[in-house]
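By written order: A, B, C and D. Residues from 1 in each chain.
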Amino acid sequence: MPSEYRLKRRVQFYETDAAGIVHFSWYLRYLEEAEHALWRKAGLSIASPDATIGWPRVSVTFEYKHPLCFEDEFEVHLRVVELTNKTIRYSCDLVMGKISVATGSMTTACVQKGPDKSIKAIQIPKDISNLFQVWTSASTTQ
Amino acid sequence: MPSEYRLKRRVQFYETDAAGIVHFSWYLRYLEEAEHALWRKAGLSIASPDATIGWPRVSVTFEYKHPLCFEDEFEVHLRVVELTNKTIRYSCDLVMGKISVATGSMTTACVQKGPDKSIKAIQIPKDISNLFQVWTSASTTQ
Amino acid sequence: MPSEYRLKRRVQFYETDAAGIVHFSWYLRYLEEAEHALWRKAGLSIASPDATIGWPRVSVTFEYKHPLCFEDEFEVHLRVVELTNKTIRYSCDLVMGKISVATGSMTTACVQKGPDKSIKAIQIPKDISNLFQVWTSASTTQ
Amino acid sequence: MPSEYRLKRRVQFYETDAAGIVHFSWYLRYLEEAEHALWRKAGLSIASPDATIGWPRVSVTFEYKHPLCFEDEFEVHLRVVELTNKTIRYSCDLVMGKISVATGSMTTACVQKGPDKSIKAIQIPKDISNLFQVWTSASTTQ
(Lines give C-alpha, C1' and ligand atoms only; values in the text may rest on other atoms or scores of the structure.)
Protein backbone atom coordinates (compact mmCIF):
# COMPACT_ATOMS: atom_id res chain seq x y z
CA MET A 1 0.00 0.00 0.00
CA PRO A 2 1.95 3.02 -1.24
CA SER A 3 1.98 6.25 0.75
CA GLU A 4 4.59 8.22 -1.22
CA TYR A 5 6.27 8.65 -4.57
CA ARG A 6 9.59 10.16 -5.62
CA LEU A 7 9.46 11.53 -9.15
CA LYS A 8 12.68 12.52 -10.88
CA ARG A 9 12.23 15.27 -13.42
CA ARG A 10 14.19 17.64 -15.67
CA VAL A 11 12.97 21.18 -16.45
CA GLN A 12 11.78 21.50 -20.06
CA PHE A 13 12.33 24.71 -22.01
CA TYR A 14 8.61 25.37 -22.50
CA GLU A 15 8.18 25.38 -18.72
CA THR A 16 10.36 28.49 -18.36
CA ASP A 17 9.20 32.09 -18.76
CA ALA A 18 10.83 35.39 -19.73
CA ALA A 19 12.25 35.73 -16.20
CA GLY A 20 14.44 32.74 -17.12
CA ILE A 21 12.89 30.44 -14.53
CA VAL A 22 10.06 27.90 -14.35
CA HIS A 23 6.67 29.64 -14.26
CA PHE A 24 4.99 29.18 -10.87
CA SER A 25 1.94 27.47 -12.40
CA TRP A 26 4.09 24.51 -13.45
CA TYR A 27 4.69 23.36 -9.88
CA LEU A 28 1.05 22.22 -9.66
CA ARG A 29 1.65 20.08 -12.73
CA TYR A 30 4.79 18.59 -11.21
CA LEU A 31 2.75 17.67 -8.12
CA GLU A 32 0.06 16.12 -10.35
CA GLU A 33 2.62 14.09 -12.32
CA ALA A 34 3.83 12.58 -9.03
CA GLU A 35 0.21 11.91 -7.93
CA HIS A 36 -0.53 9.99 -11.12
CA ALA A 37 2.73 8.05 -10.83
CA LEU A 38 1.73 7.14 -7.25
CA TRP A 39 -1.62 5.84 -8.52
CA ARG A 40 0.09 3.75 -11.19
CA LYS A 41 2.37 2.34 -8.46
CA ALA A 42 -0.85 1.33 -6.66
CA GLY A 43 -2.03 -0.37 -9.87
CA LEU A 44 -4.58 2.30 -10.74
CA SER A 45 -5.20 4.97 -13.35
CA ILE A 46 -6.69 8.14 -11.87
CA ALA A 47 -8.63 8.69 -15.11
CA SER A 48 -9.20 5.46 -17.01
CA PRO A 49 -11.25 5.82 -20.23
CA ASP A 50 -14.36 4.15 -18.75
CA ALA A 51 -14.20 5.74 -15.28
CA THR A 52 -17.52 6.84 -13.74
CA ILE A 53 -15.80 8.65 -10.91
CA GLY A 54 -13.47 11.64 -11.06
CA TRP A 55 -11.06 13.54 -8.83
CA PRO A 56 -11.52 17.32 -9.03
CA ARG A 57 -9.21 19.46 -6.94
CA VAL A 58 -10.50 21.12 -3.77
CA SER A 59 -7.49 23.22 -2.81
CA VAL A 60 -3.82 23.74 -3.43
CA THR A 61 -1.00 25.65 -1.73
CA PHE A 62 2.61 26.24 -2.77
CA GLU A 63 5.58 28.00 -1.24
CA TYR A 64 8.41 28.84 -3.61
CA LYS A 65 11.91 28.92 -2.13
CA HIS A 66 14.44 28.56 -4.93
CA PRO A 67 13.98 29.04 -8.68
CA LEU A 68 14.25 26.22 -11.21
CA CYS A 69 15.97 26.85 -14.55
CA PHE A 70 16.11 25.07 -17.91
CA GLU A 71 17.50 21.53 -17.66
CA ASP A 72 17.68 21.60 -13.85
CA GLU A 73 17.18 18.10 -12.46
CA PHE A 74 14.97 17.88 -9.39
CA GLU A 75 12.84 15.47 -7.39
CA VAL A 76 9.19 15.69 -6.35
CA HIS A 77 8.61 13.82 -3.10
CA LEU A 78 4.85 13.31 -2.81
CA ARG A 79 3.20 11.90 0.31
CA VAL A 80 -0.41 11.00 1.22
CA VAL A 81 -0.94 13.01 4.41
CA GLU A 82 -4.69 12.58 4.96
CA LEU A 83 -7.34 10.11 3.82
CA THR A 84 -10.95 10.97 4.69
CA ASN A 85 -14.13 9.29 3.47
CA LYS A 86 -14.34 11.69 0.57
CA THR A 87 -10.92 13.30 0.07
CA ILE A 88 -7.21 12.61 -0.28
CA ARG A 89 -4.65 15.19 0.81
CA TYR A 90 -1.07 15.18 -0.46
CA SER A 91 2.02 17.11 0.56
CA CYS A 92 5.09 17.44 -1.59
CA ASP A 93 8.65 18.66 -1.37
CA LEU A 94 10.58 19.68 -4.47
CA VAL A 95 14.31 19.35 -3.97
CA MET A 96 17.36 19.82 -6.17
CA GLY A 97 20.26 18.08 -4.52
CA LYS A 98 20.21 19.52 -1.00
CA ILE A 99 18.35 22.67 -2.02
CA SER A 100 14.70 22.96 -1.01
CA VAL A 101 13.00 24.31 -4.14
CA ALA A 102 9.36 24.40 -3.00
CA THR A 103 6.78 22.75 -0.78
CA GLY A 104 3.16 22.23 -1.68
CA SER A 105 -0.06 20.50 -0.82
CA MET A 106 -3.23 19.52 -2.65
CA THR A 107 -6.59 18.11 -1.62
CA THR A 108 -8.66 16.19 -4.16
CA ALA A 109 -12.23 14.91 -3.79
CA CYS A 110 -13.99 11.85 -5.18
CA VAL A 111 -17.04 12.56 -7.37
CA GLN A 112 -19.57 10.51 -9.32
CA LYS A 113 -19.96 11.66 -12.92
CA GLY A 114 -23.54 11.75 -14.19
CA PRO A 115 -24.53 11.11 -17.83
CA ASP A 116 -25.37 14.83 -18.08
CA LYS A 117 -21.82 15.77 -17.06
CA SER A 118 -23.00 16.68 -13.53
CA ILE A 119 -20.75 15.67 -10.65
CA LYS A 120 -21.66 14.72 -7.07
CA ALA A 121 -19.27 14.24 -4.13
CA ILE A 122 -19.26 10.60 -3.03
CA GLN A 123 -17.38 8.37 -0.59
CA ILE A 124 -14.13 7.03 -1.98
CA PRO A 125 -14.73 3.39 -3.08
CA LYS A 126 -13.04 0.95 -0.70
CA ASP A 127 -11.18 -0.80 -3.52
CA ILE A 128 -9.40 2.52 -4.09
CA SER A 129 -8.92 3.80 -0.53
CA ASN A 130 -7.62 0.39 0.52
CA LEU A 131 -4.73 0.77 -1.90
CA PHE A 132 -3.25 3.84 -0.21
CA GLN A 133 -2.09 4.62 3.30
CA VAL A 134 -1.18 7.78 5.11
CA TRP A 135 2.54 8.49 5.05
CA THR A 136 4.43 8.54 8.36
CA SER A 137 8.09 9.25 8.92
CA ALA A 138 8.44 5.49 9.36
CA SER A 139 7.06 4.85 5.86
CA THR A 140 10.21 5.87 4.05
CA THR A 141 12.45 3.54 5.96
CA GLN A 142 10.28 0.47 5.39
CA MET B 1 -21.87 33.57 -43.60
CA PRO B 2 -18.51 34.44 -42.04
CA SER B 3 -15.28 33.57 -43.84
CA GLU B 4 -12.77 35.30 -41.59
CA TYR B 5 -12.10 36.60 -38.09
CA ARG B 6 -9.73 39.22 -36.72
CA LEU B 7 -8.73 38.47 -33.12
CA LYS B 8 -6.92 41.12 -31.09
CA ARG B 9 -4.66 39.70 -28.44
CA ARG B 10 -1.99 40.70 -25.94
CA VAL B 11 0.93 38.40 -25.04
CA GLN B 12 0.61 36.98 -21.53
CA PHE B 13 3.68 36.41 -19.38
CA TYR B 14 3.14 32.64 -19.12
CA GLU B 15 3.30 32.43 -22.93
CA THR B 16 6.95 33.56 -22.95
CA ASP B 17 9.98 31.32 -22.44
CA ALA B 18 13.53 31.79 -21.17
CA ALA B 19 14.56 33.21 -24.55
CA GLY B 20 12.33 36.17 -23.63
CA ILE B 21 9.86 35.55 -26.46
CA VAL B 22 6.59 33.67 -26.99
CA HIS B 23 7.22 29.92 -27.24
CA PHE B 24 6.53 28.67 -30.77
CA SER B 25 3.86 26.21 -29.58
CA TRP B 26 1.62 29.12 -28.54
CA TYR B 27 0.98 30.24 -32.12
CA LEU B 28 -1.19 27.15 -32.66
CA ARG B 29 -3.28 28.22 -29.68
CA TYR B 30 -3.62 31.74 -31.03
CA LEU B 31 -4.88 30.26 -34.32
CA GLU B 32 -7.34 28.07 -32.39
CA GLU B 33 -8.63 31.02 -30.35
CA ALA B 34 -9.45 32.81 -33.60
CA GLU B 35 -11.10 29.66 -35.01
CA HIS B 36 -13.40 29.35 -32.01
CA ALA B 37 -14.23 33.07 -32.14
CA LEU B 38 -15.12 32.61 -35.84
CA TRP B 39 -17.47 29.76 -34.89
CA ARG B 40 -19.13 31.90 -32.22
CA LYS B 41 -19.57 34.65 -34.84
CA ALA B 42 -21.39 32.00 -36.93
CA GLY B 43 -23.60 31.23 -33.91
CA LEU B 44 -21.91 27.92 -33.09
CA SER B 45 -19.76 26.37 -30.40
CA ILE B 46 -17.09 24.04 -31.82
CA ALA B 47 -17.42 21.85 -28.71
CA SER B 48 -20.81 22.21 -27.05
CA PRO B 49 -21.33 19.99 -23.97
CA ASP B 50 -23.73 17.61 -25.77
CA ALA B 51 -21.91 17.47 -29.12
CA THR B 52 -21.79 14.08 -30.85
CA ILE B 53 -19.33 15.30 -33.44
CA GLY B 54 -15.79 16.58 -32.94
CA TRP B 55 -13.09 18.39 -34.90
CA PRO B 56 -9.64 16.77 -34.51
CA ARG B 57 -6.75 18.43 -36.29
CA VAL B 58 -5.34 16.85 -39.46
CA SER B 59 -2.35 19.10 -40.08
CA VAL B 60 -0.77 22.39 -39.15
CA THR B 61 2.02 24.56 -40.53
CA PHE B 62 3.61 27.75 -39.19
CA GLU B 63 6.32 30.11 -40.39
CA TYR B 64 7.79 32.41 -37.77
CA LYS B 65 9.04 35.79 -38.98
CA HIS B 66 9.26 38.16 -36.02
CA PRO B 67 9.31 37.35 -32.29
CA LEU B 68 6.51 38.33 -29.90
CA CYS B 69 7.39 39.60 -26.40
CA PHE B 70 5.49 40.09 -23.14
CA GLU B 71 2.58 42.54 -23.49
CA ASP B 72 2.97 42.89 -27.25
CA GLU B 73 -0.39 43.55 -28.86
CA PHE B 74 -1.03 41.71 -32.10
CA GLU B 75 -3.83 40.53 -34.40
CA VAL B 76 -4.65 37.06 -35.69
CA HIS B 77 -6.35 37.29 -39.08
CA LEU B 78 -7.97 33.89 -39.68
CA ARG B 79 -9.57 32.92 -42.99
CA VAL B 80 -11.46 29.85 -44.22
CA VAL B 81 -9.48 28.89 -47.34
CA GLU B 82 -11.00 25.49 -48.17
CA LEU B 83 -14.24 23.68 -47.38
CA THR B 84 -14.46 20.04 -48.48
CA ASN B 85 -17.12 17.46 -47.60
CA LYS B 86 -15.13 16.37 -44.58
CA THR B 87 -12.59 19.08 -43.74
CA ILE B 88 -12.13 22.80 -43.16
CA ARG B 89 -8.82 24.48 -43.91
CA TYR B 90 -7.84 27.82 -42.36
CA SER B 91 -4.97 30.21 -43.04
CA CYS B 92 -3.88 32.90 -40.65
CA ASP B 93 -1.61 35.92 -40.52
CA LEU B 94 -0.29 37.26 -37.24
CA VAL B 95 0.57 40.92 -37.49
CA MET B 96 1.78 43.54 -35.02
CA GLY B 97 1.12 46.94 -36.54
CA LYS B 98 2.75 46.64 -39.97
CA ILE B 99 5.10 43.83 -38.93
CA SER B 100 4.33 40.34 -40.20
CA VAL B 101 4.85 38.14 -37.13
CA ALA B 102 3.91 34.73 -38.54
CA THR B 103 1.74 32.90 -41.03
CA GLY B 104 0.07 29.58 -40.43
CA SER B 105 -2.50 27.10 -41.64
CA MET B 106 -4.54 24.31 -40.12
CA THR B 107 -6.84 21.60 -41.47
CA THR B 108 -9.48 20.09 -39.21
CA ALA B 109 -11.76 17.13 -39.92
CA CYS B 110 -15.31 16.33 -38.82
CA VAL B 111 -15.73 13.10 -36.84
CA GLN B 112 -18.60 11.23 -35.21
CA LYS B 113 -17.88 10.32 -31.59
CA GLY B 114 -19.03 6.83 -30.57
CA PRO B 115 -20.22 5.89 -27.06
CA ASP B 116 -16.98 3.92 -26.68
CA LYS B 117 -14.90 7.03 -27.38
CA SER B 118 -14.13 5.84 -30.91
CA ILE B 119 -14.17 8.44 -33.68
CA LYS B 120 -15.07 8.07 -37.36
CA ALA B 121 -14.59 10.64 -40.14
CA ILE B 122 -17.95 11.84 -41.44
CA GLN B 123 -19.31 14.43 -43.83
CA ILE B 124 -19.69 17.88 -42.30
CA PRO B 125 -23.41 18.37 -41.45
CA LYS B 126 -25.03 20.87 -43.82
CA ASP B 127 -26.32 23.01 -40.96
CA ILE B 128 -22.69 23.65 -40.08
CA SER B 129 -21.05 23.90 -43.51
CA ASN B 130 -23.80 26.24 -44.67
CA LEU B 131 -22.74 28.75 -42.03
CA PHE B 132 -19.25 29.28 -43.41
CA GLN B 133 -17.90 30.33 -46.77
CA VAL B 134 -14.47 30.32 -48.32
CA TRP B 135 -12.68 33.62 -47.97
CA THR B 136 -11.80 35.58 -51.10
CA SER B 137 -9.95 38.85 -51.36
CA ALA B 138 -13.38 40.38 -51.99
CA SER B 139 -14.68 39.06 -48.63
CA THR B 140 -12.89 41.65 -46.56
CA THR B 141 -14.25 44.57 -48.42
CA GLN B 142 -17.88 43.45 -48.22
CA MET C 1 -3.77 54.57 -6.95
CA PRO C 2 -5.37 51.30 -7.99
CA SER C 3 -6.06 48.61 -5.39
CA GLU C 4 -8.08 46.18 -7.49
CA TYR C 5 -8.78 44.93 -11.01
CA ARG C 6 -11.74 43.13 -12.56
CA LEU C 7 -10.66 40.98 -15.51
CA LYS C 8 -13.32 39.50 -17.81
CA ARG C 9 -12.25 36.28 -19.42
CA ARG C 10 -13.58 33.41 -21.52
CA VAL C 11 -12.30 29.83 -21.11
CA GLN C 12 -10.18 28.73 -24.07
CA PHE C 13 -10.28 25.14 -25.32
CA TYR C 14 -6.60 24.49 -24.59
CA GLU C 15 -7.22 25.36 -20.92
CA THR C 16 -9.52 22.35 -20.48
CA ASP C 17 -8.42 18.78 -19.71
CA ALA C 18 -9.82 15.30 -20.34
CA ALA C 19 -12.18 15.73 -17.35
CA GLY C 20 -13.92 18.34 -19.50
CA ILE C 21 -13.07 21.24 -17.18
CA VAL C 22 -10.31 23.84 -16.80
CA HIS C 23 -7.15 22.29 -15.39
CA PHE C 24 -6.48 23.55 -11.86
CA SER C 25 -3.07 24.96 -12.81
CA TRP C 26 -4.74 27.55 -15.07
CA TYR C 27 -6.27 29.47 -12.16
CA LEU C 28 -2.79 30.74 -11.22
CA ARG C 29 -2.44 32.10 -14.74
CA TYR C 30 -5.84 33.79 -14.53
CA LEU C 31 -4.70 35.47 -11.29
CA GLU C 32 -1.46 36.55 -12.98
CA GLU C 33 -3.29 37.99 -15.99
CA ALA C 34 -5.32 40.17 -13.60
CA GLU C 35 -2.14 41.18 -11.73
CA HIS C 36 -0.46 42.35 -14.92
CA ALA C 37 -3.61 44.21 -16.00
CA LEU C 38 -3.63 45.94 -12.58
CA TRP C 39 -0.01 47.02 -13.14
CA ARG C 40 -0.84 48.38 -16.59
CA LYS C 41 -3.74 50.29 -14.99
CA ALA C 42 -1.11 51.81 -12.65
CA GLY C 43 0.95 52.78 -15.71
CA LEU C 44 3.57 50.06 -15.20
CA SER C 45 4.81 46.89 -16.85
CA ILE C 46 5.72 44.19 -14.33
CA ALA C 47 8.46 42.98 -16.69
CA SER C 48 9.65 45.71 -19.04
CA PRO C 49 12.49 44.69 -21.39
CA ASP C 50 15.13 46.72 -19.53
CA ALA C 51 13.95 45.98 -15.97
CA THR C 52 16.66 45.39 -13.37
CA ILE C 53 14.16 44.20 -10.78
CA GLY C 54 11.87 41.19 -10.89
CA TRP C 55 8.88 39.77 -9.04
CA PRO C 56 9.26 36.06 -8.25
CA ARG C 57 6.38 34.38 -6.46
CA VAL C 58 6.69 33.53 -2.76
CA SER C 59 3.48 31.60 -2.22
CA VAL C 60 0.11 30.83 -3.71
CA THR C 61 -3.14 29.27 -2.46
CA PHE C 62 -6.35 28.34 -4.29
CA GLU C 63 -9.68 26.88 -3.29
CA TYR C 64 -11.76 25.44 -6.10
CA LYS C 65 -15.54 25.59 -5.69
CA HIS C 66 -17.18 25.22 -9.08
CA PRO C 67 -15.70 23.90 -12.33
CA LEU C 68 -15.16 26.07 -15.41
CA CYS C 69 -15.91 24.63 -18.86
CA PHE C 70 -15.04 25.59 -22.45
CA GLU C 71 -16.35 29.06 -23.41
CA ASP C 72 -17.56 29.85 -19.88
CA GLU C 73 -17.36 33.57 -19.25
CA PHE C 74 -16.09 34.57 -15.82
CA GLU C 75 -14.51 37.42 -13.91
CA VAL C 76 -11.31 37.58 -11.88
CA HIS C 77 -11.60 40.17 -9.11
CA LEU C 78 -8.05 40.83 -7.91
CA ARG C 79 -7.28 42.97 -4.86
CA VAL C 80 -4.05 44.18 -3.22
CA VAL C 81 -4.48 42.97 0.36
CA GLU C 82 -1.04 43.62 1.82
CA LEU C 83 1.91 45.86 0.94
CA THR C 84 5.10 45.36 2.95
CA ASN C 85 8.55 46.81 2.32
CA LYS C 86 9.48 43.82 0.21
CA THR C 87 6.29 42.02 -0.85
CA ILE C 88 2.85 42.50 -2.35
CA ARG C 89 0.01 40.15 -1.46
CA TYR C 90 -3.08 39.75 -3.65
CA SER C 91 -6.41 38.00 -3.11
CA CYS C 92 -8.76 37.09 -5.89
CA ASP C 93 -12.28 35.83 -6.41
CA LEU C 94 -13.30 34.08 -9.59
CA VAL C 95 -17.03 34.39 -10.24
CA MET C 96 -19.34 33.31 -13.04
CA GLY C 97 -22.54 35.31 -12.70
CA LYS C 98 -23.50 34.72 -9.08
CA ILE C 99 -21.54 31.48 -8.79
CA SER C 100 -18.31 31.54 -6.77
CA VAL C 101 -15.86 29.58 -8.91
CA ALA C 102 -12.70 29.86 -6.81
CA THR C 103 -10.77 32.06 -4.40
CA GLY C 104 -7.03 32.46 -4.35
CA SER C 105 -4.12 34.46 -3.05
CA MET C 106 -0.54 35.10 -4.08
CA THR C 107 2.46 36.82 -2.54
CA THR C 108 5.20 38.17 -4.76
CA ALA C 109 8.57 39.64 -3.71
CA CYS C 110 10.75 42.35 -5.22
CA VAL C 111 14.25 41.26 -6.25
CA GLN C 112 17.28 42.88 -7.82
CA LYS C 113 18.60 40.94 -10.81
CA GLY C 114 22.41 40.72 -11.00
CA PRO C 115 24.37 40.54 -14.28
CA ASP C 116 25.15 36.90 -13.43
CA LYS C 117 21.43 36.06 -13.24
CA SER C 118 21.55 36.04 -9.43
CA ILE C 119 18.62 37.60 -7.58
CA LYS C 120 18.52 39.37 -4.20
CA ALA C 121 15.45 40.44 -2.23
CA ILE C 122 15.25 44.23 -2.02
CA GLN C 123 12.83 46.88 -0.78
CA ILE C 124 10.15 47.78 -3.27
CA PRO C 125 11.16 51.07 -4.96
CA LYS C 126 8.93 53.93 -3.77
CA ASP C 127 7.98 54.92 -7.31
CA ILE C 128 6.33 51.52 -7.59
CA SER C 129 4.83 51.05 -4.12
CA ASN C 130 3.40 54.58 -4.25
CA LEU C 131 1.29 53.58 -7.23
CA PHE C 132 -0.70 50.92 -5.37
CA GLN C 133 -2.80 50.94 -2.24
CA VAL C 134 -4.28 48.22 -0.10
CA TRP C 135 -7.86 47.41 -1.02
CA THR C 136 -10.59 48.03 1.54
CA SER C 137 -14.29 47.34 1.22
CA ALA C 138 -14.62 51.09 0.68
CA SER C 139 -12.29 50.96 -2.36
CA THR C 140 -14.85 49.46 -4.69
CA THR C 141 -17.45 52.09 -4.06
CA GLN C 142 -15.10 55.00 -4.69
CA MET D 1 28.26 12.66 -33.93
CA PRO D 2 24.59 12.09 -33.23
CA SER D 3 22.01 12.43 -36.01
CA GLU D 4 18.91 11.17 -34.20
CA TYR D 5 17.25 10.70 -30.82
CA ARG D 6 14.51 8.37 -29.61
CA LEU D 7 12.58 9.88 -26.70
CA LYS D 8 10.21 7.71 -24.70
CA ARG D 9 7.34 9.63 -23.19
CA ARG D 10 4.05 9.14 -21.36
CA VAL D 11 1.07 11.48 -21.86
CA GLN D 12 0.44 13.68 -18.82
CA PHE D 13 -3.08 14.64 -17.78
CA TYR D 14 -2.51 18.38 -18.26
CA GLU D 15 -1.60 17.71 -21.91
CA THR D 16 -5.14 16.48 -22.68
CA ASP D 17 -8.11 18.68 -23.54
CA ALA D 18 -11.89 18.39 -23.24
CA ALA D 19 -11.99 16.19 -26.36
CA GLY D 20 -10.18 13.60 -24.21
CA ILE D 21 -7.01 13.65 -26.30
CA VAL D 22 -3.68 15.47 -26.32
CA HIS D 23 -4.07 19.04 -27.59
CA PHE D 24 -2.40 19.47 -30.98
CA SER D 25 -0.10 22.22 -29.68
CA TRP D 26 1.67 19.70 -27.43
CA TYR D 27 3.25 17.82 -30.33
CA LEU D 28 5.58 20.77 -30.94
CA ARG D 29 6.73 20.49 -27.34
CA TYR D 30 7.32 16.76 -27.71
CA LEU D 31 9.49 17.50 -30.75
CA GLU D 32 11.39 20.15 -28.76
CA GLU D 33 11.96 17.78 -25.83
CA ALA D 34 13.58 15.32 -28.24
CA GLU D 35 15.66 18.12 -29.82
CA HIS D 36 17.05 19.16 -26.43
CA ALA D 37 17.76 15.55 -25.49
CA LEU D 38 19.66 15.18 -28.79
CA TRP D 39 21.75 18.24 -27.90
CA ARG D 40 22.53 16.83 -24.46
CA LYS D 41 23.58 13.58 -26.16
CA ALA D 42 26.00 15.73 -28.21
CA GLY D 43 27.31 17.23 -24.95
CA LEU D 44 25.58 20.58 -25.41
CA SER D 45 22.82 22.65 -23.86
CA ILE D 46 20.73 24.49 -26.44
CA ALA D 47 20.24 27.35 -23.94
CA SER D 48 23.00 27.49 -21.37
CA PRO D 49 22.76 30.38 -18.87
CA ASP D 50 25.64 32.34 -20.42
CA ALA D 51 24.84 31.65 -24.08
CA THR D 52 25.31 34.55 -26.50
CA ILE D 53 23.61 32.70 -29.33
CA GLY D 54 20.03 31.46 -29.56
CA TRP D 55 17.91 29.18 -31.72
CA PRO D 56 14.55 30.73 -32.68
CA ARG D 57 12.22 28.62 -34.77
CA VAL D 58 11.79 29.39 -38.48
CA SER D 59 9.01 26.96 -39.39
CA VAL D 60 7.15 23.90 -38.19
CA THR D 61 4.77 21.39 -39.77
CA PHE D 62 2.77 18.53 -38.23
CA GLU D 63 0.43 15.86 -39.56
CA TYR D 64 -1.80 14.19 -37.00
CA LYS D 65 -2.78 10.59 -37.71
CA HIS D 66 -3.89 8.95 -34.46
CA PRO D 67 -4.94 10.59 -31.16
CA LEU D 68 -2.94 10.27 -27.95
CA CYS D 69 -4.80 9.80 -24.65
CA PHE D 70 -3.90 10.13 -20.96
CA GLU D 71 -1.09 7.77 -19.92
CA ASP D 72 -0.43 6.55 -23.46
CA GLU D 73 3.23 5.64 -23.89
CA PHE D 74 4.81 6.73 -27.15
CA GLU D 75 8.15 7.44 -28.78
CA VAL D 76 9.43 10.53 -30.55
CA HIS D 77 11.99 9.62 -33.19
CA LEU D 78 13.83 12.84 -34.07
CA ARG D 79 16.29 13.07 -36.93
CA VAL D 80 18.57 15.85 -38.26
CA VAL D 81 17.56 16.01 -41.93
CA GLU D 82 19.36 19.15 -43.07
CA LEU D 83 22.31 21.20 -41.86
CA THR D 84 22.96 24.50 -43.63
CA ASN D 85 25.35 27.29 -42.67
CA LYS D 86 22.65 28.99 -40.66
CA THR D 87 19.87 26.46 -39.94
CA ILE D 88 19.15 22.96 -38.69
CA ARG D 89 16.12 21.05 -39.93
CA TYR D 90 14.63 18.12 -38.01
CA SER D 91 12.00 15.54 -38.89
CA CYS D 92 10.20 13.44 -36.34
CA ASP D 93 7.89 10.45 -36.18
CA LEU D 94 5.67 9.86 -33.17
CA VAL D 95 4.78 6.20 -32.79
CA MET D 96 2.85 4.19 -30.23
CA GLY D 97 3.79 0.55 -30.70
CA LYS D 98 3.18 0.00 -34.42
CA ILE D 99 0.74 2.89 -34.73
CA SER D 100 1.94 6.04 -36.50
CA VAL D 101 0.66 8.87 -34.29
CA ALA D 102 2.07 11.89 -36.12
CA THR D 103 4.91 13.17 -38.27
CA GLY D 104 6.45 16.59 -38.00
CA SER D 105 9.33 18.80 -38.97
CA MET D 106 10.96 21.95 -37.63
CA THR D 107 13.63 24.35 -38.86
CA THR D 108 15.59 26.42 -36.36
CA ALA D 109 18.08 29.21 -37.05
CA CYS D 110 21.21 30.35 -35.23
CA VAL D 111 21.18 33.95 -34.00
CA GLN D 112 23.54 36.22 -32.10
CA LYS D 113 21.88 37.90 -29.13
CA GLY D 114 22.83 41.57 -28.67
CA PRO D 115 23.03 43.34 -25.28
CA ASP D 116 19.87 45.26 -26.27
CA LYS D 117 17.95 41.99 -26.78
CA SER D 118 18.24 42.31 -30.57
CA ILE D 119 18.97 39.16 -32.55
CA LYS D 120 20.86 38.70 -35.82
CA ALA D 121 21.08 35.55 -37.96
CA ILE D 122 24.62 34.20 -37.98
CA GLN D 123 26.50 31.16 -39.24
CA ILE D 124 26.33 28.18 -36.91
CA PRO D 125 29.66 28.01 -34.99
CA LYS D 126 31.77 25.09 -36.17
CA ASP D 127 32.15 23.69 -32.64
CA ILE D 128 28.39 23.15 -32.69
CA SER D 129 27.75 22.07 -36.30
CA ASN D 130 30.65 19.63 -36.09
CA LEU D 131 28.81 17.77 -33.32
CA PHE D 132 25.83 16.80 -35.47
CA GLN D 133 25.44 14.99 -38.75
CA VAL D 134 22.58 14.53 -41.15
CA TRP D 135 20.64 11.35 -40.56
CA THR D 136 20.61 8.70 -43.28
CA SER D 137 18.80 5.39 -43.27
CA ALA D 138 22.20 3.88 -42.57
CA SER D 139 22.57 5.94 -39.37
CA THR D 140 20.18 3.85 -37.34
CA THR D 141 21.92 0.62 -38.03
CA GLN D 142 25.39 1.87 -37.06
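One rule holds for everything that comes next: a residue touches a chain if its C-beta (ideal position, glycine included) is under 8 Å from a C-beta of that chain, and two chains touch if they have at least 3 such contacts.
Since the model is a prediction, treat every value here as computed from it, not as a measurement.
Set against the C-alpha centre of chain B, every other chain centre is closer than that of A. Interface comparison, A-C against A-B: more C-beta pairs in contact at A-C. Chain A and chain C have Cα centroids lying 24 Å from one another.
Chain B and chain C have centres, each the mean of its CA atoms, that are 29 Å apart.
Each chain gets a centre from the mean of its Cα atoms; for chain A and chain B, those two points are 33 Å apart.
Chain C has residues 13-14, 18, 20-21, 25, 29, 32, 47, 49, 69-70, 117 in contact with two or more other chains. In terms of which chains touch, the assembly is arranged so that all chains touch all other chains. Touching chain C in their complex are the following residues of chain D: 13-14, 16-18, 20-21, 23, 25, 49, 69-70, 117.
Contacts from chain B toward chain C in the complex involve residues 12-14, 20, 29, 32-33, 36, 40, 45-47, 49, 69-71. Looking at the complex, you find that chain C touches chain A at residues 18-21, 24-26, 28-29, 32, 47, 54, 56-64, 67, 117, 119.
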